[in-house]
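Both complexes shown next keep chain A, but they swap its partner, so chain B is in the first and chain C is in the second.
Now for the complex of A and B:
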């Protein structure tokens, strides 16, 4: 436990806020660092956990971006670390600004650029990391904040301008990214999160689960106060909660193109946590915001800077057969679970397609949308444990992913975009079905 | 002699009449308690039924797998069954209370035993219900976990989880109600031990390849990387 910090040591501006923080979770050592930084205009948060391999380059890009585009602003780079054992925090704090200055044609910041780090726990907990960044932003009274993923190896200094600039100039409250991604990357986002968020709330946000985003200090403070931070399950999917809070709060949201998103290696077992962090949060949000989403009939475009979402087409070796096998196993083994979640018509149709050969197999968009809507309804009615409902969706998603891969095997970028668009329209078309199930089914 | 007999008979008749006069108010009290008890038990039944319906107990019971068991045994839904049970326990309690007023020697002790047994019966039912709920929850969790981890025989794993928990719960229930405590304890020990041994042998011998595969996946990262080289990023 770090030593107590006497009230006299604290700057007057911070003093009133310290009490709140002391009552919550920030360590005294971290508070001491924040006090030495003082108030800032811009805060860049780096949530890390064993990212020594990539974080150095990201910090340099952030420094360069701040030097180039915000030389007059008071800025801090804040690393919220989950207890890395590979020296990640040291790399962030000790990153020399000289390299960044050299690359920025010897430009100098007119203010001190601080780099501080704190350990929020022992283990990777992105929700707690974001909470730490938000709390620091509140205490430092930052006007604009950005959260940058430590794996963002393709981050360009210019990205900081496009992310933070409009927020800093008070043109928007939340800036979300769009990327150039492989056409088969982010399958959960393209096949479920994006279309369903769009159908529910009527806003076309391509990356509702953003790993890099910027927000106004005002919105950050508001979210920090309103969001439930009780336990890790409540903190899970903080990124989607953040986006949804901005949507439901009627805040100004923009999107900006951030270039190529580096491929992050994931394993089959990562799907269930990914579903919890995204779809679990989306289903959860439907409870509280029923009056809002039930009245939305069509979707609107969200302001986009610097280009739309793009797809790259390089060849990728994918084990489609395994996806299909896991779908078929899921349908046959989880019948008893699905009986409580799905309508008999949808379940029969799923059983039918599970019998098809690989060459004939298709999980049609309409059936997929009905499946998802029935899952959302079952989640609302809590027919079984809500976490079990989310887990049960995983094998069905694999079936849909298989179909997406087959349909887009030789598609061009524009054809992939068209397929995603038609899926989105299907989600919007079948929204009355969701409302009917939501209101009527017992 | 004749007079003596008449006197004795008269005395016996008087004693009988006195005993009857002594017994009759108690009998009336028994009848009153029985009727009042019936009314109270009936009200209790309605209250219990309303509360159970209010908290959607039938769905909870369905999730626990208890409804399916009841349906197989041609019994009414669990909320109805529990409310009826509350009625009969309450009414029987009142009847026994009334009977105890009669002051019949020997019955008093049995009645007090019954009242002492009631809390244990309720605890046993409580354990049974939540045990079934836990068995259903954990067996479903095992099923979903196994399916999503692509493990072989997910339903077998789920069934094994359910059986283990139910065996454990039943042994607790029998112990609580005091039915053949020693036998149940011994039987539980034997069944549990046999299952563990069976699983160990099955996993060690029958499934040695599976065990090897499992350990390799856990410990040898290079193998895992090879397997996942073509996994897609969902996010």
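Now for the complex of A and C:
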């Protein structure tokens, strides 16, 4: 019978439709909500997981921002939730624009402002949340999107203007934030991610791992299509992948000052996942983009709106002693692992400084940069499991962090900035060393 | 079919607004007249309307298109004689069409004999018929309406060497209703026309009748008292006649003009109109539902008058600054299209001549609570001429055919009161009654159909409204109910196809009957009722439990 055509005999287009249907990760209920929202100009995504304590204020700020800066535009607030048990999605959906309008007297949106929510799974998986936001953005043909962290307790309505405005006006494809951070906040970014991204790709992006950012719908669609979403490792570090995709794709990137970034307490156990999501992604990107980064000799500033990265100096408690202990323990216990990763010179130097008393301990910038570059090379060569390589970097990073804390204990904000700049220059200066290792060592 | 005796006739009316000058010229002088209008009543009857609203036809210097009246009890010589009006009125009534005329209570022309007398000397008996002052400083809290042309509400009269008050053009002095003689004389004027048989008055500029220091001189209690007095006399002496208020105000302020059913029978819903245009451009029901939510209940004998376009600019007084900016941006890209606080364009050009959108707007006009008013020519999609001054661009001759002068007049084209529309899109060779009459799917044929369907269901003119709020904000859906009659209206405000799920569970068991094709749609069950609508499509469903 004519109707009974085997799958193999069906036209390619039809087979592709079937594949898409099988792979869909959006629920019918979510699709129903998207149908109701329809095409939008602006989409604001809130990835959440048990954020009931803070998300209400964030939604209010977003609503007021839309009210003040995008009253004519078709807009939706989209909550991608990891299965919160504290009522987070309800708080997002029930936040009334009427209240925001009352606060912003004389301001109101011309259109309906939708707030919708979907659960993408069970558990916190920011990558999946971003994927959901990107998929919704594509389906709704959003012109500009922002992702806002649900714990951004000091979020100001104006952030919508500064983040989204230039993207919406097609002045850039990716808008990343800069912050006023405590000088000891963002250690991973300041000691590793920022300097290395800058040395590799030649762009001075202060927050490559941003929790608030905005992007054009066009770029979002491109990233959604290109990124491999199949496994968790690909979804992890999605934010850094996003930044790197914009850099390597030659897209227009800008930065905008977003005010004070509240310090979020991290548990020691958070470091390895954070390394996977940042430096792991950066190492991964080096594989695919060798021809690009190997030719970069120096770095360029990226357009900045509203002020540079700043540092605040109020007291912040960090257990330095514990950092040093974990460094020393790591060097001692992972000696055999390091032998496969590091050059003998670097390893010997690490062993030497691991013997130093706390008062004498320093992890010099040059040694730190060489360490990182040798890890990158080992990752490239896959001398051992790549995930083990990333894990092995954790204790060494703690040693470097200890040094950063000690060196900057009495530093002013500008002195901290100078120290970070020196480190960046060291990463740039030693880039030939990276290339030599990358190309030569077996 | 003569007009019926129903005293609430205006609630079921479909009104056609026309200026006699623009409609049909019977004597070849280039200006429409009452004899011509009488000849075209058959056309209007065929269209399905049952009420004509005539713009001012009185003797006038015509500096404000007849709203500057120089004689209230006669007909401008260009339009014929009083006898011609009587014949027209009789023919209209014979064909079941009522006639509502304009009555400008607030002011006269400065050429009116009353004003000429008044300005002639301070001792003249008519002196106190107008509002005079030695200075121009009184009533400072009063806004200026015609911002583009007037600097003040006071004008210096060099003859009488004093200032006189005018809310509109300076050649339109306001009458002084603090003088009881003025009220009496204006009632005499109204009685003159009521005795002749007119069915009602559209009372122009009613909020401004009385001035009081320290106020904005609008909607004052004294003004309401005057209206109440006119209404009392009307009900006593001419039951079944109607008063329609022209008061460009917010719904809450307008509500007072209905009072307890003892002021106006009807009032224009000015704030709704721009929001309908906003709704389709934004593709969002919010502006429409918001303004209707703010619209107060009115007495059961009263009615809102709804309109899309009229002889004036699309007024943007009753919108916020932000909304006005938006409307200018999307509907009046050229400065020429803007006048005062509004947009001087006709319906079809405003909607980019999008037939589906024109139908949608008319569909909402006919199905929202109120009595619809059609502006002449909009039933065939006539265009405008923004190169003509003031609001004359939307007052060009009616386009009857593709022949000489569009079938409007046998005169030389140069002697027409205004040039015909000639461009290839809206010009009379392309847009005219004759060609659309011959085409069953023309806009004119479609308008006849929708008017017939509207008039087939009393619920539209008399029923309650309840909005549904489906998640899809591009869909404006509402239920109209009157006694046992229930109609569901679903409008797609978007230029793209839409799907919508309606919660109709309380109507479970009913089937839907689409009112234009009378086709049956599936029975309502427990699940959300799924509908898909094409671009700008709308449905009217009658609910039937069978």
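The definition used in the following text is that the second predicted complex is superposed on the first by the 418 of 442 C-alpha atoms of A that agree within 3 Å, B and C clash if a C-alpha of one lies under 4 Å from a C-alpha of the other, contacts with A are read in each partner's own complex, and residues count from 1 in each chain.
The rule is simple: contacts are C-beta pairs under 8 Å (C-beta built on N, C-alpha and C of every residue); 3 or more make two chains touch, one makes a residue touch a chain.
None of these values were measured; they are calculated from a predicted model.
> Return fit or clash for chain B versus chain C, each positioned on chain A through the superposition.
fit
> A:184 in the overlay: touching chain B, chain C, both, or neither? Say first, second, both or neither.
First partner only.
> Of the two partners chain B and chain C, which one touches more residues belonging to chain A?
Chain A has more residues touched by B than by the other partner.
> Would you check which partner chain A:319 touches, where first means chain B only, second means chain C only, and both and neither mean what they say?
first
> With both complexes superposed on chain A, which partner does A:72 reach: first (chain B), second (chain C), both or neither?
second
> Mind working out whether A:401 is in touch with chain B, chain C, both or neither, as first, second, both or neither?
first
> Let me test your reading of the model: by the given contact rule, A:36 touches which partner, first (chain B), second (chain C), both or neither?
In the superposition, A:36 touches chain C alone.
> According to the stated criteria, A:333 is in contact with first (chain B), second (chain C), both, or neither; which is it?
A:333: touches chain B, not chain C.
> Once both structures are overlaid on their shared chain, how near does any Cα of chain B get to a Cα of chain C? Whole angstrom is fine.
Nearest C-alpha pair, chain B versus chain C: 39 Å apart.
> Counting contacts the way the document defines them, which residues of chain A are shared by the two interfaces, the one with chain B and the one with chain C?
none
> Please output the residues of chain C touching chain A within their complex, sorted ascending.
Answer in residue numbers: 278, 282-287, 320, 322-323, 326, 470-474, 494, 496, 498-501.
> Inside the complex, what are the residues of chain A that reach chain C?
Interface residues on the chain A side: 32-33, 35-39, 71-72, 74, 106-112, 114.
> In the complex of these two chains, what residues of chain A are touching chain B?
For chain A paired with chain B, touching residues are 184-189, 209, 263-272, 274-275, 277-278, 316-319, 322, 326, 329-330, 333-334, 337, 383-385, 388, 391-392, 394-395, 397, 401.
> Using the touch rule from the top, collect the residues of chain B that touch chain A in their complex.
59, 63, 137, 140-141, 143-150, 154-155, 224, 228-235
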